[in-house]
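Look for subunit A in each of the two complexes below; its partner is subunit B in the first and subunit C in the second.
Now for the complex of A and B:
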């Protein structure tokens, strides 16, 4: 049945599906995992680094991009579509600064991106953007924000979320482990993001890239050494947990 | 004949004329048909030892207890990586055929080059009754029957049992439920009624059907009451891919009873058979 209603973007199927939009969401699942966590004084974005070809410059294969000094986003899906969306968002951020003399709120720029995506689900001859984005940042009043958009043009605020391949597994992990204690400090929030990614990333810390924004500071990409240190800490904690459990069982 | 737009079209007469020209035309048609048929004929080229064994046996057949056919690049890659990786297999023949998508007949007597789409036969040195066929070339619908008849015509029917491994895109899998990404790739099985054992994965649900070479082989086995089991792997990747190849692992249980297999396999060997196309790796981030 889908065959007759999935060719054109502007056609609803009899049961109300927009198949092209749903297929675009499948394209998102082909991208590697990205996770976003909203802490108290920090927002964290973690992504699974794609394996880069030997002759390729690693710096140019980035999943995390700054949109402005206080907002950044990670995406999953079609690389080229992401580039277009990011460019438009960056231009809008500066245009807003010049017009209103204030930096954008995270919700504003998310709404702008989501509106752009929705427009492409409602015109003929164009296909939807095949990306989902996690947008994080701080508003000028100091509130941390995390938003997620998807190819249909919807956006929602989240405390923690994941997109891309194996997003479901990561989201289930976050639902179990995102508590007030787990984000009590900045370090804890970063470790939660790494733990969530380690659920689905093969070969551990060297395939993880992490970016943080702290209140009144700009985007900071963590160095691989720092990530390795945190991964080792996490593994030690896991071992200690396992030891404790063993001791409990034996007594 | 005048048309609405004022132009004049010449009309051909449809009166039938009993001319000698007609016979020539028919002959020409027949000749063209025959040429096309010859061009599309399926030829099996065996190596000299096997050709000799075929001649020596009275019925022009080989003794074969197990035939394993792999259809598609992932199934063929799986066999290459897990079964044909030891030194005890000999290439004993290939099928040469021509159609619009497989232009091989110009080199009928020469074996296809490695890496080219082809249909190759391998036989185990220690157990010559085990034959493996890797088919990565496209076989047109009109050639499937010929392929099956010719290949099975070379094998003794008694005691023969067949296993087919085949790839299929998951987009062709019809199901009322939504398939989550983690479920793909997966295996489904289909058996001929002569096949007694348990299949190692769920049976293919209706209304899904098989097409192409796997269907032709299974139909032949059903008609001739040869026990046959088919494992169809539904995958969402177009090119040969190591995860898809690993999906066929349950079949190793049956295969290890027939021939000695390499116990463990390094990821590097698998990666050799999987092609990561540049476009695929940069398209999605």
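Now for the complex of A and C:
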């Protein structure tokens, strides 16, 4: 008779897997890399920018989006799905401001996004969202936060994380290099993010997009010139390190 | 009706069930019109106006379908003590419109008062409930303890106030559990205001002050069933509010001590009960501070009268 929704797309397999959710996670692994780092007074998001076609306007291809003045997110996976999630999150940030007369905490908006994603793994006729998100920001009491969500609807807090293509390599790099001194100053935290991305991005600084939020300030996208300067700094430091090692070996 | 069981506004149910609504609605109207005609023929209006109990009459008619929109509140001959309204009931006249259409006019026969000062919020209320010229009760609790750090006062319909504030308590608790921190007074009053706004125009009568202490300091909001929600430093609600305002306005300073502020609140309510016929009983006093609220005192107005008038002699 009338078109009713079929049985759910996301059903359990005999050995307890939700295959649709796992396939969605595979889709995420095909997306371009994004990395997030939580410093002391700054939170940094970096994404690998896919090379833009000649005739394409560069500024319409944005993978880092502000959800509110004090929260922003980067994603890896299906861009169209991400657009929907970001829209809903932006509306929720404002609704929260209206009903509670306070800005959202990063945990609250992450929980909202994760609940939204979970709902799509448990209703009929719909497929899960194919994105993982890194949500960063400052709470009203000044604490920096970084959360990651995935297509299954779970979320966790992280000190530093990476999603997308070669996320594993980047995460291993971060595990080795994320120390108290590496995030001591804002600049150091930004450089750490760039270093992490350079591990997996070909052709250097041109393909990196970086954004930072400082306490009590809104999202700031770094210009390509600034990124270039930082990249050259990093390369210089690398050379110096290599020189020192050579000298040690020779002596 | 089904919409009441589902706790949704009639208008939303009606829009969702157009055909059913139309049949049921018109049948209901026909029946109610019939009943009002019969009742007014039996001179019910005089019975209601005199507010005398007439249980036998009530038992004869069995209102199985519960045409409830305006008529239950008017309490067909129920003993006035049962119905704790701070209100004078609107009288049924033979030329009134049908039951479901009738608007209930409540008068807020009470005095409730709340003001902020440097050490928190003082909440003072009287405890009299009237049904016309009859004093139904002298010992009504007009302060509702929403949770250990939020208080709500009652003015208007007792059932409306206590029901919605208990619902608010439930919402506040869920917020606390979900977000792992206490709800702010602004958010709590906003939740209450939004809840009753959905029923605007349907006859709710509630004028309450939400008082508490949160991370922004002392909080005081006035919320009513018309949809008003106002933040302020001082509110008095009810028929005796003018008398209370006079006393508090002349005595309020930001640097009052706790005892001075309590005494000011007590005096304000006492003066209101002295002049307003619909306020009296006892003065219930609460103090909201950073740790939560404390019940300061409950004193009979007559005792206060002797206390205040003694020095004059």
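Assorted remarks:
The rule is simple: the second predicted complex is superposed on the first by the 241 of 251 C-alpha atoms of A that agree within 3 Å, B and C clash if a C-alpha of one lies under 4 Å from a C-alpha of the other, contacts with A are read in each partner's own complex, and residues count from 1 in each chain.
Assume a contact is a pair of C-beta atoms (placed from the backbone, for glycine too) under 8 Å apart; a residue touches a chain by one contact, two chains touch by 3 or more.
The shown structure was predicted, so the numbers you read here are calculated from the model rather than taken from an experiment.
Look at subunit A after the overlay: subunit B and subunit C fit there side by side.
Superposing both complexes on chain A places the Cα centres of subunit B and subunit C at an angle of 130° as seen from the Cα centre of subunit A, in steps of 10.
Of the two partner chains placed by the overlay, only subunit B lies in contact with A:76; subunit C stays clear of it. By the touch criterion defined above, A:64 reaches neither subunit B nor subunit C.
Touch criterion met: A:102 reaches subunit C, while subunit B stays clear of it. Subunit A has more of its residues touched by B than by the other of subunit B and subunit C. By the touch criterion defined above, A:85 reaches neither subunit B nor subunit C. Closest C-alpha contact of subunit B with subunit C, superposed model: 32 Å. Residue overlap on subunit A between the subunit B contacts of one complex and the subunit C contacts of the other is empty. Here subunit B touches subunit A in the complex through residues 180-182, 278, 281-285, going by the rule given at the top. Interface residues of subunit C, counted against subunit A in their complex, comprise 179, 183-184, 186-187, 190-191, 194. On subunit A, the positions that touch subunit B within their shared complex are 27, 29-32, 50-51, 53, 61, 63, 75-80, 82, 165-166, 168-169.
Across the interface of their complex, subunit C is touched by residues 99-102, 105, 108 of subunit A.
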